[in-house]
């Protein structure tokens, strides 16, 4: 293999972690991203903004410039730029610089720069946290498997919320804080999810009685998404045993590390030579 | 079969989705129902009501007329009208037009038109979301199976709530906001379900101590309906695993890990030949 | 058997439900208990007390007299009075009349009459809700089985609450509403259980940072009692299979209705004669 | 073995519970620790401090002196003092006396003496609550096993909270109480964990709409840590079922329902004779 040219070298450094240069690049990237997040958050605190506003603005533009240059380098060094631009990370990287330019028009948009926090997902690669990612995979499998039940659940809850909210609007009405149906629906969400801000509360006995129904509903149906997710996760974890169909009895999964089927005793893998238990 | 007459054609279009006309009908129905819901909600917002009140009222009567005509068409085209009128959908469809007429007497009743949201359950048919419905079936099976335990749970919680509420009334009393036993029971529900509006709060140390007991009770017993539902759901899903018909007695499913039929003792898998471990 | 005398007849009517007279007695008892509860609750509402106070007081004394007579009848008719007096129901029945007399000294004690609500547990017998009681038995078995883990959990949570509360007292202090350690511990309970009244809130940035830790702790460890109870309940329900040790392989439980062991194929019950699968 | 000298006697009394003297020592220790905790808490209540402040201070110094002497005795009597000083209990014992001295500089630090509550973990030894500890072991095993999934979960939730908080800051802004991004992030935590103090609430319709998203997110994802922990606990408890040593390779436990050892293929139960189903 001939010497990699600069484009390929950049590609390896920027997109991979397995070389010392690549690892250094990723570590510095994380440091810079975290620093830029802290700067954005500090800039929003009035007391700090007063004294250090100009410094923070300068730093923000510095960071934005760094990320813009990095984004261009990524596009340049990637063998298939279009594939990168439309990938999840590509979109996030672009959204990490856009708000700075949007802020020239809408002053508050700059705070959307916190989208950079998603860039910190790279931390898993840098710190060799692959076991964490495989564990996260369980969670994603369980979420995908329960997707349909969860959508049914969300639709049912939305229906309940609209009905509860409207009933409360009819019962309590604007004089008591429930000034419109959308606001009453907001109250129903606050109550059903057991958050209970207390900014709007029922005052009439009938309203409080209905509120009781809403609260007990919310309290009980927490069980549903929990049950859905737990059942799926328990299945996914049980299926992380050895997923190999026994040639004899077709038992689909076995304890990790098994050589023999727990159900019928047959060998799981033909290419294994005689073991004492088989003679 | 001779050509279907108009009554049968209407029946097929209105009640089924498998023809292009039927699908078009259902899609437009969903659009109109959603539009009518939005109109009802907007009409409740004072600012919008001021400017567009007359327009919204006109739209609402238009929608009510459309749904009334549709309801009559359903009764006309259905082979057994009485069966439709008393079915779940039939009742919902009637309740979707009644409040408009009730509103001539009780001004606020019109908002009960949001009952139309239940008509949106048709969305499952239109978007061919049958997999969602079969997944929803798991949820319903699990709910039905746990029905008795949940009723016992609700009765126990009601008893606790009455006792906690009354104790708090005796401890804190009207001077501190707990103006009657029903209101104290309302506070107990707000606290036990961890909603915590904050409209009524205990001020005395003894009252706050009792409130601590109520809160820890509520926090801990969320586990009960969750456990009931999760266990039932896991069972419903697990009973789906070893689905293998016994060759002898045709028992359709067996405990996971079975080698032999629990009902008749036959081997479940004929192809099992002697394995070394059995000699 | 000679004719039952009055004492035995009363015993059968009062303590059992299987005769028409017994069932009538129990039904009327439930009606009277519920009526007395409603009277106690209404009496606490100031508006109603103003107009109907004397009537409600008269009704309460009427009910107390009825229950006192009933209690004496129970003691008289029971073959072993001491056994009844010290049983759970006996104690509840006594506590259901005592507060009325205590009220002659402490005016508010009369409201403790709501202890009568526990007498409503009889409703299960009257309405033949035995399936509900056997389902409730699962819940009790699961609760008993998880008793030790739950105590360990409660002790750990108590420790956390004292430490969080004290830290918040040191950080925020009396100027901000955290006027003593007990009150700060009360705040910690309100926050950890996610109730969040809002009567006391942290104002300093450090206090809000600690509050974030408390909230995320509370949010996450709801998982613990839920997990404990769910695992125990799932076990209890699975153990409601046929609990019979297989004479061959000693498998402790089997699918309900099994005649053969799912693991080894042996007959579970020796006294069964030949079935086709055995030839 | 010659007579134990004083150093060894102290070691046995202080560090163990199996002698009468040791048990007496531990019981008195618990009493003294609890008394010191009560004194610290009472000292923080302004009303009590006013009247009994000097007495409480004297008691606190008394307790601190007792614990300091006890700490020195422990170091003296332990065969390997360094091992004790750096152990968990050693650190806790030291932290139980330090704040009293810190309080000479920082007045409020004395309240950190509540760290003594962790010393109460000794209660398990005194009351022979070893079954409780073995049950607690299940909990710890389940927590350790789910550690990685929980960290992934916490990182995802942190990301969501930062994004929700910043969005709300951009939407509502300082005029409505969201005075900085850190404060908005605090609001996001309060809302996502369903605590809902109500000290900061959204006022604009768009803000309330976003709040709805935050609340439904928080309400739904309670399912995740619960599912993780429940699945792990159920596994830990289930892995306790088929505890049967394989006669060949002595593998101590097997998948429930196994007839054959997953490692070596031998039959697990020798006494299995021919069953009819196998011929």
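For clarity, chains are labelled A, B, C and D in written order, and residue numbers in each chain start from 1.
Definition applied: a residue touches a chain if its C-beta (ideal position, glycine included) is under 8 Å from a C-beta of that chain, and two chains touch if they have at least 3 such contacts.
Model, not experiment: these values are computed from the prediction.
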Completion exercise
Given over half shared residue numbers means same and under half means different, the subunit A/subunit D interface is different
Problem - Pair joined by the larger number of C-beta contacts - A-C, B-D - result: B-D
Handout entry: Whole-Å gap between the CA centroids of subunit A and subunit D
Key = 28
Exercise for the section: Determine the centre-to-centre distance between subunit B and subunit D, using the mean Cα coordinates as centres, and give it in whole Å. Expected result: 39
Fill in the blank from the handout: Touching at least 2 other chains, the residues of subunit A are 182, 194-198, 218, 222, 226, 228, 230, 234, 260, 262-265, 267, 277-278
Handout entry: subunit D-touching residues of subunit C, taken from the complex the two chains share
Key = 148-149, 151-153, 159, 162-163, 166-167, 169-170, 173-174, 179-182, 185, 191, 194-198, 201, 205, 208-209, 211-212, 215-216, 218-220, 222-224, 226-228, 230-231, 234-235, 248-251, 260, 262-266, 277-279
Exercise for the section: Give every residue of subunit C touching subunit A within the complex, in rising order. Expected result: 194-198, 226, 230
Fill in the blank from the handout: Residue positions on subunit A within touch of subunit D in the complex are 37, 40-41, 44-46, 108-109, 111-112, 114-115, 117-118, 120, 131-133, 135-136, 138-139, 142, 150, 154, 157, 182-183, 186, 189-190, 192-199, 218, 222, 225-226, 228-230, 232-234, 237-238, 241, 254-255, 257-265, 267, 275-278
Handout entry: Contacting residues of subunit D [partner subunit B, same complex]
Key = 194-198, 226, 230, 255-260, 265-267, 275-278
